[in-house]
Amino acid sequence: MPEPLPAAQAGSLPFAAETRLRVRYAETDQMGVVYYANYLIWMEIGRVELLRQAGFDYKSMELEDDCHIPVVEATCRYKAPARYDDEILIQTTSTVLRGYILKFAYRILRASDRTLLAEGETAHVITDRQMQRKLLPEKYVMALNRKAKSL
Amino acid sequence: MPEPLPAAQAGSLPFAAETRLRVRYAETDQMGVVYYANYLIWMEIGRVELLRQAGFDYKSMELEDDCHIPVVEATCRYKAPARYDDEILIQTTSTVLRGYILKFAYRILRASDRTLLAEGETAHVITDRQMQRKLLPEKYVMALNRKAKSL
Amino acid sequence: MPEPLPAAQAGSLPFAAETRLRVRYAETDQMGVVYYANYLIWMEIGRVELLRQAGFDYKSMELEDDCHIPVVEATCRYKAPARYDDEILIQTTSTVLRGYILKFAYRILRASDRTLLAEGETAHVITDRQMQRKLLPEKYVMALNRKAKSL
Amino acid sequence: MPEPLPAAQAGSLPFAAETRLRVRYAETDQMGVVYYANYLIWMEIGRVELLRQAGFDYKSMELEDDCHIPVVEATCRYKAPARYDDEILIQTTSTVLRGYILKFAYRILRASDRTLLAEGETAHVITDRQMQRKLLPEKYVMALNRKAKSL
């Protein structure tokens, strides 16, 4: 199980969720390292896990509450390459802004020595299936806030 | 433009559509060749192009006719590796069986010297959005047959 | 054409390794199910795990023994769709033929109710980095056989 | 944080290369739109094409000049969704900084009506195969500058 991160190691970033994965062969490219677009897939895994740990899952958000969170901006800064079969640690934190903007920040580390491989942010708006903006239902806002306070 | 293939080169396979693409960096893996799952993505490009050349497109099949063609079997035999930036030629042929089974056969070649890189087949059933089997609408059967006869 | 597996192997398949993963959002397509090429990525995860459980890993096979296992054939039969966030179980078994052919068989199940979603096979040849065929080093053959006998 | 592009560059961006592609089924996700990580793959296609149009290709940069351009930062702002089968236009421009930093800016449009779907930037350092920083060989700098001036 992921152990809590010492505050100093995360910079000043309070993190809300941590998840692990192992680099797949399919994720490497001919430079022998993980292809850069895959880090955005890992970020998605991190934010889904944060939502899950906050007590709800993205699947039912979509199906039951018609609540989607399309990305409006994504940034990733690459520090060191991830390689095939590395175990990867994804730390994710989130903030809700004005009720309809959801921001996530990510730190991607090599689990074996906790080297920081990449860090990034994504910003999302809450929409319905037709991509019309809507407020994040109160239960989700509360769950995220509870999660943030429990750190 | 793709010129017709001499009969001998295609084995006995009459082909109905040909399309080209260039290998993306993202498609390579750390062996320096195209990762094997990507050939199935290329096959999909080949069959979409065959449908397009037969006079209809898969997008409207899904949206207007609620007609989907989920795959039930896929096979690929790998002969020689495709590499980054290679221009790839995909030759696709199709058959309709019993009105609800659609089969495609593919040959994937390196365009520069026409080396056969891979060949394969996929089998599909016709379904609606809820994955219930249905007959391929007559207009599609006719279009595919017309295309086959025009060879 | 892929020849049918012996009935016993396809039915009550003795499996040598089992691994789990969770369906990623990136793996779905607009039909709302997992895109078919991704099953080949999952098969790769299954066979890597089998090798790991047999006591060695593919990474060191490549780096230390210059021993690669490019695929020469892959087949997948799709039974039922996998969906976003499903937990997936991959069961993998292997056979070494003539010292330089490695075959894997896979069963892909939904973990929650053990529904069979897909099954397939891949065949590989052992090569060096230059794609020249070579025998699988004895230690790997022995490890795989040990694993098979320990079932 | 990514600093804002100068207004002129973001608005009436002078572009140095343009390339087209068609959205693949594999690139969609269950929201029915292109999954966000794929835009980074498209950006790579844009910058490879810019290099090609400037008279050299990335493949020989890697093989002959041991000159790699790993990404150090990538940003994408998503404006409107790309959908299956859309024809996509990628406009790419580049700048060389201090001889070892290469920046690209991208605009991704729907070809049919030139709607801006996304825009972004990537920053790269020039390295050898061992990821050690090196200067971009003079011939490449000159080719990129020539291309920029020929606008």
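Note that the chains take the letters A, B, C and D in the order they are written out, and that residue 1 is the start of every chain.
Quick note on the criterion: a residue touches a chain if its C-beta (ideal position, glycine included) is under 8 Å from a C-beta of that chain, and two chains touch if they have at least 3 such contacts.
Model, not experiment: these values are computed from the prediction.
**Q** For chain A versus chain D, which are copies of one sequence, does the interface use mostly the same residue numbers on each side, meaning over half shared, or is it different?
**A** same
**Q** With centres defined as the mean of C-alpha atoms, identify the chain lying farthest from chain C.
**A** Checked the centroid distances; the maximum from chain C is D.
**Q** Return the distance between the CA-based centres of chain A and chain B, expressed in whole Å.
**A** Measuring from centre to centre gives 36 Å for this pair.
**Q** Suppose each chain is reduced to the average of its Cα coordinates; what separation in Å results between chain A and chain D?
**A** 25
**Q** How many Å are there between the centre of chain B and the centre of chain D, using C-alpha atoms for each centre?
**A** Centre-to-centre distance between chain B and chain D: 29 Å.
**Q** Give the residues of chain C touching no fewer than two other chains, as numbers and ranges.
**A** 25-26, 30-31, 33, 37, 41, 44, 84
**Q** Taking the complex as given, what residues does chain D use to touch chain A?
**A** 1-2, 30-31, 33, 36-38, 40-41, 44, 62, 68, 70-78, 81, 131
**Q** Flag every residue of chain C that touches chain A in the complex, lowest number first.
**A** 24-26, 41, 44-45, 48, 57-59, 84-85
**Q** Okay, in this complex, where on chain A does chain B touch?
**A** 25-26, 28-33, 35, 37, 84
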